[in-house]
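One chain, chain A, links the two complexes that follow: it is found with chain B in the first and with chain C in the second.
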Partner chain A sequence: MDILKERGNQVVTKGLDEHELACDKASLAGSVSQRACVFCGSRVVLYPIADALHLIHGPIGCAAYTWDIRGSLSSGPQIHRLSFSTDLQEKQVVFGGEKTLKSALIELIDQYQPKAAFVYSTCIVGLIGDDVEAVCRNVSKEKGIDIIPVQAPGFAGSKKDGYKVACDALMKLIGTMGTNETIPESINIIGDFNLAGELYLLVDYYKKMGVKIVATITGDGRVDDIRQAHKAALNIVQCSGSMSNLARQMEAKYHIPFLRVSYFGIEDMSEALYEVARYFNSKSMMDKAIALVRQEVGDLIPKLAFYKNALTGKKAAIYVGGAFKAISLIKALRMIGVQTVVVGSQTGNKDDYKIMQDISDEGTILVDDTNPLELTQFVKAKKADILIGGVKERPIAYKLGIGFCDHNHERKLALAGYEGMLNFAREVYATAMSPVFQFTKTDH
Partner chain B sequence: MLLRHTTKEIKERNALTINPAKTCQPIGAMYAALGIHNCLPHSHGSQGCCSYHRSTLTRHYKEPIMAGTSSFTEGSSVFGGQANLLQAINNMFTIYDPDIIAIHTTCLSETIGDDIVQITKKASDEDMIPLGKHVIHCNTPSYVGSHVTGYANMVKGIVKYFAENSGEKSKRINIISGWVEPSDMREIKRMSKEMGVDIILLPDTSDVLDAPQTGKHAFYPKGGTTVTDLIAAGNSKHTIALGEWATKEAAIALENKCKVPFALSELPIGLRATDRFVQALAKFGGVKVADTINDERGRLLDVITDMHQYLYGKRVALWGDPDHLIPLSEFLIDLDMKPVYIVSGTPGKDFEPRIRKALGDRADETRFKYGAQADMYLMHQWIKEEPVDLLIGNTYGKYISRDENIPFVRMGFPILDRIGHSYFPFVGYLGAIRLLEKSSGCSWTSRMRSARKRPLNW
Partner chain C sequence: MEALKEKAFVSTRNACKLCTPLGASIAYKGIAGCVPLIHGSQGCATYIRRYLISHYKEPVDIASTNFSEESAIFGGQSNLFAALNNITKQYKPEIIGIATTCLSETIGDDMQAIIQHYQAQNTLPDSPQLTYVSTPSFKGTHANGYHDTVLALVKRFAAFTETNNAINLLPGFLSTADLRHLKEIMRDCGLPSIMLPDYSDTLDNEYNGSYEKVPEGGTSIEELVAAGSSRASIELGHILNHATSKESAGTYLEKNFSIPRFNLPIPIGIKASDEFFTILQRLSGAAMPQKYLKQRGRLVDAYVDGHKYVFGKKAIVYGEEDFVLSMVGFLEEIGLETVLCASGGGSGLLKKMISEKVNPRQDIMVRDDFDFEDIAVACRDLKPDLMIGNSKGYYIARELGIPLIRVGFPIHDRLGGQRIRHVGYEGTHELFEKIANALIEHMQEHSPVGYKYM
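Let's turn to the complex of A and B:
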């Protein structure tokens, strides 16, 4: 297989290769990497906070490409789905953009009266010497709202480093409202971004168990809830790649322990409920969780049977942003009879890759930060029937004449929770069994 | 009601852009480079730029978009991006084997001052560029112009690098295409063939971004202007440049370098702009207008006649690129419609006189704004002041359409939530019929739906 020499240790075939899957490496220049930048990471994490302003300080592109980029829904305000930019021009690049930033912030705050504002610094802001912190501080004083600088120059690492920047920004909000008293049997839901309204399902499950929810960070997020997030008794963290850092910081500063969970697939979803009940050591919670799971799974299994029957023996390739999600996907696919033959992520870490390797079947190819040429070869070599990935992977799968399931930005269908599992099975079925592929010649 | 935060009262803004009607230069350079055969675009900047451009183009075309990135790090932002670019050139020729690497810069690499010519020369001196292969470039700082000027810069870069005047004039005509869809480029080629004019179209994204499903992923699909044709463009007897913003610079460069004279024309959108294109083809190609083309024109006129009573007086809001908006406004006037609001984030002071000319004696009935703060928020505020009957523009009109219940035809870049633009043109007489079909179709559907709610002006 043609793999860039320097990338050799970022690919592992289970059972064949001895080495560990290397990760956390900068992408090779010239590689058609599927990865994004620091700014992108910070933006996707923070933007679901629906009553805050998100002002992007830089040339127009960074604001244009991230305008309503994910289907993160809000049950209330929708300011987060608009695109705000200082649209820096050559003049500001030469003479500095602080004045523009200040004017833009004031214009924005006057217009929208938001609860708080995030100001994202893109690649060139640091280079042209803007003191964004000072501008934010001054306007904050003048207008009486929190303005939080998000230092996210694209070049300062990968998307994953952007998550860290976002977590740091969130820490500045947390603990700024209410008392320090912990609310018993309460949680923060961290790391769900309410794509296609998934968070509503989760909130519903936890409420049925009698768990109180303090803040959802950041899906359907609200500034005042996040300010009070320090009052939660427990943090529940999904999407470990982006938000474990926040949980660790909250643990250090506010002594709030955290559990890592996933809401994809029956096993992981149910475990996410049981773990909370177990943590609170509450029989009533556990009984309600058991009842809920019994009800949901009881409804679900007969419906899944049809899909499992049809899909058994199919093979899948997975290439997603975070490795934790990939692990859940392997399990969820197994539940509907689909074997994972290729699995990888853009930003997985060592621990996640270890788990990924452990639960994979012999012969599965594991990969970090792949590119279209490699991915095409892996998919062909392992004769995958479907690819699960994001925007940029979809047309590659289709060109190869195989199915595709979107597990990223663009989807409009909830895939989390029990309802999501059924949607997922239906999506996989619809693509894997589509009659269109009988008309296309696959060359493998 | 996603846009419920929009206020009717318009406050002067000096620094803030809300919901832009443009994006940055590099994506235009990437799109133009994809219209060259066996060409791999390369983004000299942070990884995110390339990722965003590829994602947006992928979402618009539903096709794989291949492009490399220099993957800048903290180090490159301090010491310059030379090492990254050299490594990238080497890696790309080794692994992806393109005939051409088309480099464009970004805000980052421009601000730190990387000299692409010097770095490319170093790559060449160090034998990183295989024999017969090419590395070309253009400068596209994101804080200048818009996606349209980025396209223009790359087209100019292509012409400057490749076109050669061998001293033997050919009978061919160059057509430099503005930023339109593969379907439009295909239509321009079809019309030229119909007229019997031998053209070199550059760039040409047909058969690249509308590639058929074959069961194979072609890293370089079969389309795109070939190097042979790019060189031969220097011998052509004339150039027709379609769209001032996207093609004028390239046409001038070609004239300066190879003495190929050019005529600047609009994109053939609508009746009169297509007339001018056809006349230019006939004139410079030395042919008569083909009967089949005349018939197409006749069919368009027939459709307009059938429809004119429905079209009269309808208020239209449009936004997008100047090269689209100018002929489109002219066409709407010819349809007896009223293009009342026009917004383009793309700067360029020619916009005002050009749009005024297109609107003719109705220009004073139109509110238009271009450049800074000419955005979709302003457009929405205008519409809130006084509504319109139809919206024409890119995907980002969907919020206004939904909130204000206004029929909406998607046209321009990007279109993320509809298909068809890759396959059915908006240029030429057929394209004009399509525009009419789309406008009337969505308006009537909407009238039907809202018949019992509130009367719409359709």
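Let's turn to the complex of A and C:
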């Protein structure tokens, strides 16, 4: 296979290769990485906070490309769906952009009355010497809301570093409202971004178990809830990549323990409920969880049987942002008879990749931070029938004449929870079984 | 309408423009064997790719020099070198088209020097050609990036050898179907042409079962060179890159190679298409081919059939400056009243060009450097019947409960947005019927009766 030499150790075939899968490396210059930047990471995490103002300080691109880009829903305010930029011009690049930033903040706060504001500094802001912190401090005093600078120049690392920056920003909000009393049997749901309304399902499950929810961070997020998040008894963290850091910081500062969970697939979803009941050591919670799972799974299994029957023997390639999600996907696919033959992520770490390797079948290719040319070769070599990924992977699948299933931030279909599992099966079925692929079989 | 000020906010709210390297990348995609390389941090390239993939529904490989903290301090030379080596190894391109970013421009990387330095070290026979364009986004929009790149390409390659019979066609930022249609017209008129750029295949490829590293198609380097020896240039669009440069590819060729330049609006509408065909006839010395006479006739027929449904309706038009300029011209000739013509571009020329080139029946409110929230606010007073522009205005149309006619770039919420045809008699015909039908449908759906006839 044709892989850049420097990337050789970021690819492993289980059962064939001896080396560990290397990760946490910067992308190679000149490779067409599917990764984004620090700013992207920070924005992904903070943006679902719907009653906050998100102002991007920099030239227009970063704001224009992220306008309403993800399907993070809000049950109330919608400020997060607007794209605000200071749209720096040459004049500001030469003479500084502080004045522009200040006027922009004031006018936007007056117009939209947000509960807090995040100011993202992108690539050139540091270079032109703007003191963003000072501007935020001043306007904050004037307007009486928290204005939190998010230092996110794209070059300062990868998307993952952006997650960390976002977690630091959240820490500045948490603990700024309410007493320090812990609410018994209460949780924060961390790391679900309410894509296609998934969070509503989860909240519903936990409430049925009798668990109280303090804050959802950041899906359907509200500033005041987040400010009181320190009152929760337990943090439930999904998606190891983006928000474990926040949970760790909250543990250190507020002594709130956390559990890592995943909501994709029946197994992981059910475990996410049981674990909470186990943690609170509550029989009533556990009974309700068991009843809920029995009910949901009972409804689901017969419906899934049809898909499993049809899909058995199909092969999938997975390339997603976080490795934790990839792991759930392997399991969820297995449940509907689909075997994973290629699996990778943009930002997985050592531990994730270890688990991934353990649950993978022999011969599966595992990969970190791949690019279109590599991915194409893997998919072909392993004769995958479908590819699961994001928008940037879609044309790869389609040009190779195989199915595609969007498991990224723009999808319009809830894939978490039990309902989500059924949606997922339908999605995979809709693409793997479509008759149009009779025309894509070429013999070269 | 004096209540409506120029852009009301210091900040930009829901931008009606994109950044310069995006335009550069599209132009580079129209060069055969070219891999675009964006010199800056990784995010810019990834976002631009994502944006383009959602519109073209095609793979769009754009490499990045992936700046790190060190490059931001010490300059991007070593990253650029590494990137050029890696792209050469993986893609084996004929040419690498480099576009700078806000970051590399602010740091002050001297691209010319860096590239010369690289070339001095790399003299292998199969190393790709290199070219670059300066595209800081704090100057101009994606439209400037596009035209500046076309200019940079002719500056880099065009040379005089001996006069050939070809016509340079500089189409501007059009859809892939537009580019194909223009080529067809040139062919039918018996005019050999060099179209620059030509992404009609590379960004709208047929299925062939493989992920092509560098898709086939595009203007070849030989053609770029030969562009300096053509007998005429047709440059579509009047505003071009004038926000950032006085010179365009067409004026450069005219000045340096004495190639006569015909500057026309993008041919949307009968008048603009007539103008275009008139020049073609002059260049070919032959009459308009029968095929196009028929197309024109059919278009007039369609105008007559549908005139009542569009006449007097109020439209809001937005997008790139040259695009809206032509669109307004077209709407004028069918009796649709443009109540606001807006662009995120800021050449300062739009208003003047509309009154000069279109000379509308009544005063049109023209706003450049506008954003979508400005448009949304304006709509509350203007009460338009429809909006005409890219898909990003959908949220406003939805709020107003009026149809949005999707044209231009980007179309992120429909299939086939990359191949909407706007130009020529046939393109105009399709547009006209799309507009009329949208209005008819709107009427039908809001009628208590639900008529079966129009």
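Just so it is clear, the second predicted complex is superposed on the first by the 441 of 444 C-alpha atoms of A that agree within 3 Å, B and C clash if a C-alpha of one lies under 4 Å from a C-alpha of the other, contacts with A are read in each partner's own complex, and residues count from 1 in each chain.
The rule we apply is simple: contacts are C-beta pairs under 8 Å (C-beta built on N, C-alpha and C of every residue); 3 or more make two chains touch, one makes a residue touch a chain.
Here the structure is a predicted model, which means the values were calculated and not measured.
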First, second, both or neither for A:35, with chain B first and chain C second: both
First (chain B), second (chain C), both or neither touched by A:309: neither
First (chain B), second (chain C), both or neither touched by A:75: neither
Touched partner set for A:110, first chain B, second chain C, both or neither: first
First (chain B), second (chain C), both or neither touched by A:394: both
Contacts of A:284 with chain B and chain C, given as first, second, both or neither: neither
Overlap of the chain B and chain C footprints on chain A, listed as residue numbers: 2, 4, 26-40, 55, 58-67, 82-90, 92-93, 100, 103-104, 107-108, 111, 123-124, 127-128, 153-158, 372-373, 376, 391-392, 394-396, 398-401, 440-442
Residues on chain B engaged by chain A in the complex (per definition of touch): 1-5, 7, 11, 13-20, 22-24, 26-27, 42, 45-56, 58-59, 62-74, 76-77, 84-85, 87-92, 95-96, 106-108, 111-112, 141-144, 146, 211, 213-219, 345, 372, 377, 396
Interface residues, chain A side, partner chain C - complex: 2, 4, 26-40, 55, 58-68, 82-90, 92-93, 100, 103-104, 107-108, 111, 123-124, 127-128, 153-158, 372-373, 376, 391-392, 394-396, 398-401, 439-442, 444
Residues on chain C engaged by chain A in the complex (per definition of touch): 9-15, 17-19, 21-22, 37, 40-51, 53-54, 57-69, 71-72, 79-80, 82-87, 89-91, 101-103, 106-107, 136-139, 141, 205, 207-213, 373, 392, 395
Contacting residues of chain A [partner chain B, same complex]: 2, 4, 26-40, 55, 58-67, 77-79, 81-90, 92-93, 99-104, 107-108, 110-112, 122-124, 127-128, 153-159, 372-373, 376, 391-392, 394-396, 398-401, 410, 440-443
